[in-house]
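All chains are identified by letter, namely A, B, C, D and E, in their written order; residue positions are counted from 1 within each chain.
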Amino acid sequence: MENIQATLNRGPAVQAAKPIKMKTKDVTVHYGAKQALNGVTLNIPENQVTALIGPSGCGKSTYLRCLNRMNDTIDIAKVGGEILLDGEDVYDPDIDVVELRARVGMVFQKPNPFPKSIFDNVAYGPKIHGLARSKQELDEIVHTSLRRAGLYKEVHDRLDEPGTGLSGGQQQRLCIARAIAVSPEVILMDEPCSALDPIATATVEELIDELRENYTIVIVTHSMQQAARVSQLTAMFHLGDLAEVGPTEKMFSNPDDKRTQDYITGRFG
Amino acid sequence: MSDATANGIAATAAERKPRRDIGIGRRYAAERRFKAYGIIAIAIGLAFLVMLLTSIISKGYTAFWQTEIKVPITFTEKVLGTPEQAVKSQTKLLMANYPQLARDGLVQLLGISADDKKAVSAANGLISSGTRVTLRDMVMNDLSIIGTTEDVWLYASSELDSAMKGQYDLSVPENRRPISDLQLEYIDKLKSQGAIEERFNWGLFTFGASSRAETAGLGVAIIGSFYMMLIVLALALPIGVAASIYLEEFAPKNKFTDLIEVNINNLAAVPSIVFGLLGLAVFINWFGLPRSAPLVGGLVLTLMTLPTIIIATRAALRAVPPSIRWAALGLGASRTQTIFHHVLPLAAPGILTGTIIGLAQALGETAPLLLIGMVAFVADYPATPMEPATALPVQIYMWANEAERAFVERTSGAIIILLAFLAIMNLTAIFLRRRFERRW
Amino acid sequence: QSNQQIHVAGSSTVLPYAQIVAENFGETFPDYQTPIIESGGSSAGLKQFCQGVGPDTIDVADASRSIREKEIKACADAGVTEISEVKFGYDGIVFASSASGPDFKLTPAMIFTAMAAKVPQDGKVVDNAAKSWNEVDSSLPDQEITAFIPASNHGTREVFEEKVLKQGCEDSGAMEAFTKSGMDKDAAEEACMSVRNDGSISEISGDYTETLARIEANQKAIGVFGLAFYEQNQDKLKVATINDVVPSADTIASGEYPVSRPLFFYVKRAHLGVVPGLSEYVQFFLSEQMTGEGSPTVEYGLVPLPADERDEQVSNFENGVTLGSKS
Amino acid sequence: MSTFTIILVVLAIGLAGAFLGYRHSRALQAPAGVKPHSRPVYHASYVASWAIIPSLLLLAVWLIASPIVIESQVRGSFPEGVLAESQLTEDLAYGIVESLGNGLSVLPDDERATVTDEMPVKDLAALLRNRGLPVASASADWMVPLALDIDTMQFWSRLAMTVVVIALALAGAYWGYRQIAPRLRARNKVEGVVKGALIAASSIAIMTTIGIVFSMLFETIDFFSRISPAEFFFGTVWEPRFSAAGSTGNAGSFGFIPLLAGTLYISAVAMLIAVPIGLFAAIYMAEYADNRTRSVVKPLLEVLAGIPTIVYGFFALVTVGPFLRDLSAQISGIVTGDYASFIQAQSVLTAGLVMAIMLIPFVSSLSDDIITSVPQSLRDGSLGLGATRSETVKRVILPAALPGIVSALLLTASRAIGETMIVVLAAGVAANLTINPFDAMTTITVKIVAQLTGDLEFNSPQTLVAFALGMTLFVITLCLNVYALYIVRKYKEQYE
Amino acid sequence: MENIQATLNRGPAVQAAKPIKMKTKDVTVHYGAKQALNGVTLNIPENQVTALIGPSGCGKSTYLRCLNRMNDTIDIAKVGGEILLDGEDVYDPDIDVVELRARVGMVFQKPNPFPKSIFDNVAYGPKIHGLARSKQELDEIVHTSLRRAGLYKEVHDRLDEPGTGLSGGQQQRLCIARAIAVSPEVILMDEPCSALDPIATATVEELIDELRENYTIVIVTHSMQQAARVSQLTAMFHLGDLAEVGPTEKMFSNPDDKRTQDYITGRFG
């Protein structure tokens, strides 16, 4: 356990009693006949990083995709329970999913830049949402986003080259830039670093740490270290259940749940 | 929702960050419009399909029925000669005046005087002149029939048939329609005697070409089309797949493969009649293959279908993930093994689609056949693909140009049969596709 | 084997007749196979015919026009030197309109005035502006001029130009007016035969079925048909008289009705002894039973040759009169 | 033995060889000393290829060569002067002799035995007629011995062929069998054979192109020797006369421009209608519809591609054309008070519209496949940013699918350019040069068919122009395809 | 550094002076005009695990693919230098690449089972190489391979179900079973665990450890821990060069090369 402890100690101190940004209550998901989530109740605090961990197939991605209703795109997926964003039910028929997704952005496991130029990749969101009134404003948004995603320096002289031509780590940062360009309130990240090498991973982790100031972040990861490094709250999933949730520090030092303990003391990496 | 904390959070959120106006209403309207366009597009396509099918079927379904008349035929020795004579020489029997037998029978049935020339010729106009062959075959098969009387169902003439099906405007003056009032009277009489009946038109499927609508059938055309499809399938599919494999999996990317690629795309744009010119120049005039033969037709259609199959197959091969290829290669499979063991089976559904589209095109094509002599009157069944035959679309094309009313319904009837062929092919493909897809 | 079976190719106008004869030939002579009759146009038929002599080439070419000098030469170059020309009847060409419309009593002059591209007017040559038939002649109905005529790849077009337009051009005095206005003879003839191009006259390159369908779609139109086709569709069509003559097999055979064309087939004499049944086929074609009065071809709509002329054709064929030797 | 039997025997030898080779090869593998290079299956195929390929090639050559040899033999022994007496050419006489000879082989043995050199042809003809083989009346007595010769030669040739081919198959099998050794690279050799076959298959496309050019070239040259290319390519009037008979000797005008314009115009109108409908249908099927709807609608739409085009033609002629004409009359009646239709019954619009119906499935099915294969991650990426589905489709999916869609559209355009019957019946055959879509126009393919299948003089420019048109169209589409390849390449390079 | 040290201590002791299985000398690879490897000289000892590490794009995969000539499948790839397997030049024109690949097997980053049954997946290699003379022998091979890959227990009752229906970790083990079924001498693994969760990773790592007894293994990994846990020899690549190579223990405790030091002391994960 020493090394996790070491990592935790380097991580930022958890601040107490942040307001709750998203609330989920008894969330269930069925894929056809198969139940993938059996009632998950979890509060996601504002301006913090919440990490979801757990063995493969336990429902982390499924849960994440409920938060901005990306599950709507899967025909057979049926979502039950209550999910509140700032107190509003996101599955309320009156709620507009487009607006919801603009407020709750998402970054995926595999970097998926559009086959467009770097500029257009980032400008895509602001354009469809009409966030910029002029070319200048758009430029401004794109540059800021790229800068915040720590990519600007590397690409500023080739903004009109295709985004698909970047390296894996750059592509992932481009996707993050693309997500923050629409100024979401929450950013969901599904294993954002699993395709990246350590150096690229480090850059992205630093970025997440910075973004925390302004955004609420939920991240799925397989790497215990990563969870320990970047998150303040950790939720452990197991076979569709929320096994345990708590401050990251506590989760890694003194888990309550037997399953959590087994999982994090297994060999990891 | 009503609890205070929730409201409190909402309030703080609202304070901190005013809701943006992201033009939701406008964008949803665009979304609805876009979706509606899709539905409209599909509706347009399906509406046209329904329109075409209804018009074809409503015009053509009657072709599957044919009016027949039950006539008592006396096989008199006066006309046929005695059975003994017949055994000695068949010439008399072959050349005998069979139509007279039919005419006499009908005259007797209608109870008109044999001397009334006008009445007899009107009655004679009710039965097909194709009865010669029917009756001759009866006699030749069984000489003992000579001297007896037997009720025989004879084909009615196409005029009677069309009149029965209501295809003539009977309100116009008598001299302007092919069927006279007297004949109409006879028809009523036959009806009342129960000697006239609409029966299923098997002949439509079995007869060869004929100038008489009632004895015209698609037999030769079906055989011809069948041979040609067999040849196209046997040649175009393997050649197309082989060419696609070479181009996708082996060929180095160079000028030569570019040349082949451009060539294939270009051949897809060549008007089909030009393939007929090619067939005439190369297969008939140069190789000396026979005219009007399904073999040549099949070869021409093969060349015509190849581009379609190749284009579809290449797309299907390209869609097989490279990781499958690497997996096999990494195990020490050779390229050929990789392709034949893994890539082809995975690409099979796509290859099938291409093949079916290609075959459908080939099945419905007339123009190239015009120049290699397959748009022809062929009465006898071909024994081999080297002998003259026609094809389904050719028969449709030729019937469409016939003046007689009875051919109008037969044209649509033939189209229905062609579409049935197509449907069978499509269903087979869908079935095969399912099998290939369902396995994994 | 192709040299066991008679192989015919050519005009689609002749096809129905050749088809009837072939069918009956097969029924009457069980020894021989039913001949193959290809349709593909006189041009393609003659081209195949002139491909050469031998088992792979066709034996008979059907044509709805006579063979041309240049074609005879091309034939000879390929070794097809002995060709029998057989004329077996006429194809009557009639003008017909929808059965529900008014009657038309036409003359070539009226047709010319209605359809020509340019007509003389007060001594000047002007574009044809006639809109309705009664502008052309007051005896004609007040109906918009719309007509379907055969396209220029059709044999019928030639007859139409020669026997209707040119005739009408002369009859109406337009020919004279054209030459007076300064055209030379060729140009005048050309002007006589050019058809107006403002959409009122449409060309049809397909078959009469197409013309019929077009008339059904546009009840005001008048179209050009073969006599046979008209006779089969009398309940839908109403025929127009030309010079007050009603077209029929009789009036055409007698020459009273002016618009018709002869139908031919050409026999490769070199194949006569070689292809079994070929000469029987030709004789059968010309027999009373097949192309005489009351025969199935005539019932179908063929205008038969007068008996003596038919006999002459038979004897020409039997005596081996060939294209070269005739002239 | 019939050719078919020989082929069967050769295949059987191949199979047997393969079997033995397999056993031999397996036996080789037993001692664990040196690992064999190839598996027994490849050794077996190796033996089989040796047995089958050379012998079948020989068989093919023999089948082609032997009639030629026999013919020259027999022709060489035609008796002096007989041809002069009859009307026959050498070709025809040989044809008769040959069919007599072929007839002989049909006769049963006892009848065949009665035929001698001296037998009059009359009797032979009687024999043959009894077997249902009519004999040419020009056959002469001198032909009987030659026919017998042919029959004998054919008999011996066939016998020799049977023996040699089968011997070669056996020898091949033996040779292949002997070659089997642990280090024999049988797999590579067999795969070489397979690869050779693949290359041969793909070169058929090139041979077809050569064949097409070859079959049109001479007539095209002939045409241009009569009509100057300048007149053809730059002429704006298409009006070939029926023929020169009796009149001015003028063949008419052969301006290519109106036809090209008509082709492009009608195809463009058809594409303009078919592409949006097809694309929207494809998008709906791929992005909105559930799987059941899709699996029903897609094949249904595909039926539209299988309906014979003549049906479309009559649909245009009888239904669509008059409908548009009457509609236009109503419209102009409402607008101007004059009920004159401004759309002709035959028009570019009618043809384009009806052709578009036929083309819908080409666009919809192919595009549907392509859109479906755009990776889900792009869709997720866009939706996750808060784009609506339509925005996703318009801005992400379609651009990503563009290269594929372009090639689908190319195939569709190809179909449009090559279509004849619909244009004939819907737009007519009048070669107008106009920009009014409500007027009649016609296309290159229509004229190719019309000029080839009409009653024109076959060696006049009027017919020959069909070849020139075909050739020109071929070259034009070739250029378009080269350009399209270039564009697609460029696009691919940019975004892959 | 403590945690790496901890891991190393748990790793098996490095045995000295193993014979060399593969020798590479001055291997260069060009992709078109671009040089991806600038002369790599490295010896791969028999019956040991050699780990290749380095930042993304440094040429690890490229090098790995040279060893069994998988680069042949990339048209634009040009390989130079010398690669010897048991002293034989693998790029010798006389060498049969199919045979070579049977001796040097490969497992890929993304599990790529064939869309066939589990049994057929494993049986495919033995079948094409004719390793089994009878159905029994084939069964035997398949079962042994599955057992050695640690998969047998989980799948023994559904060998005829499709291999694509397994979970990610199971699929990867299936791919390993497939590779060992042809009894290769060397197994190359390109980031075999990057798609797996920790528990699946642990299983695969244990498997590698066992396989070492009979096979020579070369593994590319992004995870320092993994390299430390499973390998005896580590090679560090950087921008197409071999930066440093040495016993794993030494590499992680006392690297000579500045780049190695920088890389392994960066944040990792």
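What we mean here is this: a residue touches a chain if its C-beta (ideal position, glycine included) is under 8 Å from a C-beta of that chain, and two chains touch if they have at least 3 such contacts.
The model shown is predicted, which means the values in this text are computed figures rather than measured ones.
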Query - Path length in the contact graph (chain A to chain D, fewest steps) - result: 1
Query raised in the report: Chains in contact with chain B and with chain D: which ones?
Result: A, C, E
Requested in this report: Using the contact definition stated above, find the chains touching both chain C and chain E.
Outcome: B, D
Report summary line: Reported most central chain by Cα centroids is D
Query raised in the report: By number of C-beta pairs in contact, which chain pair leads?
Result: B-D
Requested in this report: Tell me which chain's centre, taken as the mean of its C-alpha atoms, is farthest from chain D.
Outcome: A
Query - chain A and chain E, separation of their C-alpha mean positions in angstrom - result: 32
Report task. Please work out the Cα centroid separation of chain A and chain C, and write it as a whole number of Å. Result -> 83
Query raised in the report: If you average the CA atoms of chain A and of chain B, how far apart do the two points sit, in angstrom?
Result: 59
Query raised in the report: Which positions in chain B touch two or more other chains at once?
Result: 22, 27-28, 334, 370-371, 400
Query - Residues of chain E touching at least two other chains - result: 98-99, 128-129
Query raised in the report: So which bits of chain D are touching at least two other chains?
Result: 187, 314, 386, 388, 391, 452-453
Requested in this report: Report the complete set of touching chain pairs.
Outcome: A-B, A-D, A-E, B-C, B-D, B-E, C-D, D-E
Report summary line: Given the complex, residues on chain E that touch chain B span 68, 70, 73, 75, 98-103, 105-108, 110, 112-116, 124-125, 128-129, 162, 164, 175, 178-179, 182
Query raised in the report: Tell me, which parts of chain D touch chain B in their complex?
Result: 187, 191, 194-195, 197-206, 208-209, 211-212, 214-216, 276-281, 283-285, 288, 297, 299-312, 314-315, 319, 357, 360-361, 364-365, 369, 373, 386, 388-391, 393-394, 404, 407, 410-411, 413-415, 417-418, 420-421, 444-445, 448-449, 452-453, 467, 470, 473-474, 477-478, 480-482, 484-485
Requested in this report: Please name which positions on chain E make contact with chain A in the complex.
Outcome: 2-3, 6, 55-57, 167-169, 194-202, 205, 222-226, 229, 263, 266-269
Query raised in the report: Can you list the chain B residues touching chain A in their complex?
Result: 1, 5-7, 9-10, 12-13, 17, 20-24, 27-28
Requested in this report: Going by the contact rule at the top, pick out the chain C residues touching chain B in the complex.
Outcome: 2, 5, 7, 9, 12, 15-16, 18-20, 22-23, 26-28, 30, 33-34, 36-40, 44, 48, 51, 56, 58, 99, 206-209, 226, 228-229, 231-236, 296, 300-301
